[in-house]
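A short write-up of the structure that comes next.
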Amino acid sequence: MNASLQDIVFAFLQTYYQRMSKDPSKVSALYSLTAELTHINYQVEFDLGGETLPTIKLTGKENISKFFTRNNKKVSDLKVLIESCDFQTTGANHSSVLILTTGEMFWTGTPTYKFVQSIILTPNPSKNDSFDITNDVVRFIADNLSPYALETIET
Amino acid sequence: KTGPSEISMQLPLFFNTKEEDYSKARSKRHALRLRILQNSSEKEE
Amino acid sequence: MNASLQDIVFAFLQTYYQRMSKDPSKVSALYSLTAELTHINYQVEFDLGGETLPTIKLTGKENISKFFTRNNKKVSDLKVLIESCDFQTTGANHSSVLILTTGEMFWTGTPTYKFVQSIILTPNPSKNDSFDITNDVVRFIADNLSPYALETIET
Amino acid sequence: KTGPSEISMQLPLFFNTKEEDYSKARSKRHALRLRILQNSSEKEE
């Protein structure tokens, strides 16, 4: 990989979030044919008082395309702060990239929601020097601020 | 810092938002947190 | 994969943490020859008042083996609560597994530390039905409880 | 819940610890959190 790994990761994040904001229907073009996506379940009403949001699991570029197109209003309104970004090479002869980001997400009028995301980029066989997303997993993280009540385990 | 070359990726990174919008959303979260902590300390009294 | 994916993931987590607790010097046997590991930097004094812990990046089974052996006391004292566990298939013909866990870690006498971890399991070419860890990334997550001060950007 | 079959993996999962140890460590974290929030609200007054 000529460009440094970090440049590849940074360029990917810019493309990924710009496309969500500018043209959600083009986001699925970033994914491989059999990609797996675990993303925000936009079909469920947001609980603005809660600390986390539900997620939904999709497999395959077609389902992913329907998902982003159907929810394009919320997708284009997504705002993100990335606080940390770790990455490692992976896959056959280390040509793929594992990315782990943490940060906060929000939309117009909502509080921030803490999330972690793991993405795998795999070289696109037909277009060299370009990658497909084969895996994309979002998980929200609760604050869990209230003190831990020891469940009295009924024996 | 995570990567070797520092030039491009300066964390934290904002995407599709300005700092003011983030700060507004963050203060909403802060208010919710205060309420949770006050409730839990009331319960302890 | 005959055993369900969840069973594979659950069995892996049990092996991974049991070995850390019982025999840290055997942990590196779980990793592939060229595995990449980002783990707790045990060489740095823990900041018990802080919200996160520093991490260190290692490449290759040998370095990983030295790391777990050198820090065996702290490694065997590691205690973990896993709050969420997402997983997807990945890699060549979907035979590898991407795991994303979130939870809290602590040691004797320390507070809990919130963390997220991404692990990739890849089939071991020489032992069928068994996997190697090719990627293992830990990242600690700050609470960020104090209100967000808009940095006055000096122009 | 994440996986299709619920039998084996019941979250949350404790590894190498008992609930009492976790609860002790968690209350240490809780005390630190309260201090941070009190400091930040004093600054605002």
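Observations on the structure shown:
So that you can tell them apart, the chains are marked A, B, C and D in the order they are listed, and the count of residues begins at 1 in each.
The working rule: a contact is a pair of C-beta atoms (placed from the backbone, for glycine too) under 8 Å apart; a residue touches a chain by one contact, two chains touch by 3 or more.
What you see is a predicted model, and the numbers here were worked out from it, not measured in a lab.
Annotation: C-D is the more contact-rich of the chain pairs C-D and A-D, by number of C-beta pairs in contact. The distance from the centre of subunit A to the centre of subunit C, with each centre set as the mean of the Cα atoms, comes to 20 Å. Spacing of subunit A relative to subunit D, judged by their CA centroids, is 24 angstrom. Shown for subunit C are the residues that touch two or more other chains, namely 83-84, 86, 143, 145, 147. Residue numbers of subunit D whose C-beta contacts span two or more other chains: 22, 26, 33, 37.
With chains as nodes and touching pairs as edges, the resulting graph is complete, every pair of chains being joined. For subunit C in complex with subunit B, the touching residues are 145, 147-148, 150-151. The touching residues of subunit B, counted against subunit D in their complex, run 33-34, 37, 41. Within the complex, the subunit A residues that touch subunit B are 4-7, 9-10, 13-14, 17-18, 20-21, 49, 51, 78-87, 103-104, 106, 110-113, 143, 145-147.
Against subunit C, the residues of subunit D that register as touching in their complex are 2-5, 8-9, 11-17, 21-22, 25-26, 28-29, 32-33, 36-37, 39-40, 44. Within the complex formed with subunit A, the subunit C residues making contact are 34, 36, 38, 57, 83-84, 86, 88-92, 94, 98, 100, 102, 114, 116, 118, 120, 134-135, 137, 139, 141-143.
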